[in-house]
């Protein structure tokens, strides 16, 4: 038996980049949080501290800023591809580069004035090797709520089950979603906007008997409207809204007054996919 | 010399209330985080554990939910006043009630469907006693950015000063503001919307030589447009955007590529007031 | 009526300083988060953008680092005094300097090896003017729990009261405390350790009929053991542990199984003071 | 082409449990955050909203509390196994149960008095199916620092490299670790304590030429001292401490004054394994 080094990678996480583009007096803004991670022939630094293959993470940071100037940034998927291709192409000992970007949205208030949108965060996560390029897009923190049109009943009851059945409840969730593209050449602006719109309208328009049913509806809607997307993963916390018992105060509560709970929460996770989609080339995560 | 009990208060913090109102098929939503704090003749519980004056904080929570049903909630200032008046009126030993509410905004997506707005949070903080009612409104987390029209120079230099002067920089801040009303009888819907609009447009339209100048401009604009407001306090972190030195890479950086810094940050705090405003009746805080 | 500038101040918040001291091979570590805020004759920058009195906040940051080298840091109160005195002494237009420090503790693992203690954070907040020096020490995040020896009953019941009385409950809190010193010349090492020990042992040894009673006991113990302290403010959230109703499962629950609640929580706030203590020279906050 | 449901699971996350055990007057405390996730024959609820296989997540929460009473909790791995086995054994449509527990440590202050340790959090994550039981233990948030005995040089330099080489720097990290056990029958008390001690002492005692080298040393030390552990994954953020340039102030800085940086940070990830360890039966995550 021997103790051996297994899979490993390293990089620079959370390089904060704000890129201003000036079209005369009218400015536009990209606000990215960029994380780079490289893997390849990197055992030596673990084994002996020989760093001859270890491009400094400080250099990755510099590259983010230099590339933002030289090439502009575009959509997060595009900037991530640009960076990932660079590291694989220029560092012989690097076989795979993963670049993940959080993109913070700003709303225009004037030619050079902006207000940050805090509703949710757009995500992109790219893996590039010599053999393939895999593009995953996503978002986190999109909170949606239906104040009715949600039921939950017909579930099995064991000795620890006390939950009453309900035919009218609040259904709320904070959408965390990632979707894998079929190709690295896509109109990512249009694709992202379309995926968000598909998810949101599916949530709004599904009369729901379980959050699982809503999840499948959201995922299916994205795939049916966006042919460029191979599969989608959704993690939907069930943000419970508990009906307050007002009977001690001689008050009825017809689904009007709720406690918004923090913990615990239900958590529904699922993948929706095309049955003919090629398998993922690299691990991807929700 | 004796050791004595000084000022004290107690209450229930962060009662999470979601109130659904149904107008036929069209629902509306109030999402509040309510904190209640009472003071008065409450020394005995500290001194001997005699709780005969200590209305349970659990009762405060119940009251929030029962009142939401009985009276509806309206604007956060109105619901806070309702609650504060109740505690002072019904608990003889309570001389002052402070009720603070964070109000989370939701955007309508359908007759009973909503998306949470995460941009910033509306605040109300009310103090009611037998003698007066003081209403403070506010917001926190409104992030604004001008990508130009900001300079900073002419400052004193001591032996520890290395900062270069600049005639073009990003100016960004996360507005934290509270404003005190002249009266508890106000159209709070209109007042809040007007104050936010005044602050935002002052930020956008001020050509700024210091964040202090922008602060005064924002406060002045609120007071000049909203006659119902006596004074306003602003805490404006200077969310520094550092110009990246790209010269090692033979690249110019004409205010295009920035590092968004986390810490440290400048912090500018100031009050803007009417010179004839009556003084505050109770302590209030930013 | 005119709109005028009221109280204002500015400074650099959250300068992160780690200071290593080397005594031969044995190192020691100070880990501070330093915030500086200055007030004085600073209206001009608000009114006209004239910055001739505005020492840059960047200079304050530099001063923190330069002073850490020149003078070492010592206890957080001492380093804060050093900095505050400097700004008042050297900047004519500055009348008052407030310096606040969060101090992160590390446990020694070896001559130059350390593990961060995350239990709670030590605080110091100093105000220096030409007329006075005021020193406030404190801590935040010290979580204490008694699993018995706590009762709560005898409270008034109104129409919204449903809470049962109890003669045995968990009492838990996250101590947030600040205490004002009588003088700026104190053995702060000994004073801080003594105050923490007094608070903690009072919590442990008080058989409690209300968290208010525990609060007074904690504050009194600090003042009786530490003659250098004039007064202490405590904010004690009641970290509720709800007894789980196991009766649906035919199980008893004799104070054995609890839900640790997040929100809402009781919040007990109080000051304990010496009746002959001189009043505070400057506002101080919990 | 058809759109189909892929892998899915559901459960209750973050059930907060505090379990008091009474041995006469001396109490002990377990403080757990329990997350349960089930997978199996659960497609129907996604497809049609038929919940006949969907044991409510509320029932999972109840089961956590009831089992804490009936069986006590023991080590987090043991309690997680107990719960996971129960769901697989009693719900025919459930093929796999994953139970993850965060365990918060408390230090004893008296027979029934405790202080929360906030240094780091112990973790356990168990998967049980009819075919296997897989136990993963871990911790997160253990912050370690060496103030010397760390170098970094000999790295490749490309056109974006500006980092100077160094033969003396601070090395600091916040350890995030998970390790997979060879069996579900282990002395988890001893195993956990031994793994923490091995990781910590390896960090302290490794003269480091790269954080990668320290990572391998930490992982190797755990495996060489704990024969019950098959493999370990470590994610080590490089918590950068930047040497402050004090030369503008005519001060030297011989590794004494540092800026503790927030973002960006290096991130080193790696697995250390036995070459004869059987492969994992289920996916596990760091």
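Labels A, B, C and D are assigned to the chains in the order they are written; within every chain, residues are numbered from 1.
Convention: a residue touches a chain if its C-beta (ideal position, glycine included) is under 8 Å from a C-beta of that chain, and two chains touch if they have at least 3 such contacts.
None of the values given here were measured: they were computed from a predicted structure.
Q: A-D or B-D: which has the larger count of contacting C-beta pairs?
A: Output for the comparison: A-D.
Q: Taking the mean of the CA coordinates per chain, how far is chain A from chain B in Å?
A: 31
Q: Mind checking the centre-to-centre distance between chain A and chain D? Centres are C-alpha means, answer in whole Å.
A: Those two chain centres are 22 Å apart.
Q: Between chain B and chain D, what distance separates the C-alpha centroids? Give it in angstrom.
A: So the centre of chain B lies 38 Å away from the centre of chain D.
Q: At least two partner chains per residue is the criterion; list those residues in chain B.
A: 16, 62, 66, 160, 162, 248-249, 262-263
Q: Line, ring, star, complete or other: which one describes how these chains touch?
A: complete
Q: Looking at the complex, which residues from chain D come into contact with chain A?
A: Listed in rising order, the residues of chain D that touch chain A are 1-16, 33, 35, 37, 42, 45-59, 61-63, 66, 90-91, 151-158, 160-163, 208-210, 212-213, 215-216, 219-220, 223-224, 231, 237-238, 263-276.
Q: Which residues of chain D touch chain B once you look at their complex with the stated criterion?
A: For chain D paired with chain B, touching residues are 159-160, 162, 248-249, 262-263.
Q: Touching residues of chain D toward chain C in the complex: what are they?
A: Against chain C, chain D makes touches at 16-22, 27, 29, 31, 62, 65-66, 68-70, 106, 109-110, 112-120, 141-149, 170, 200, 203-205, 241, 244, 246, 248-249, 251-253, 255-262.
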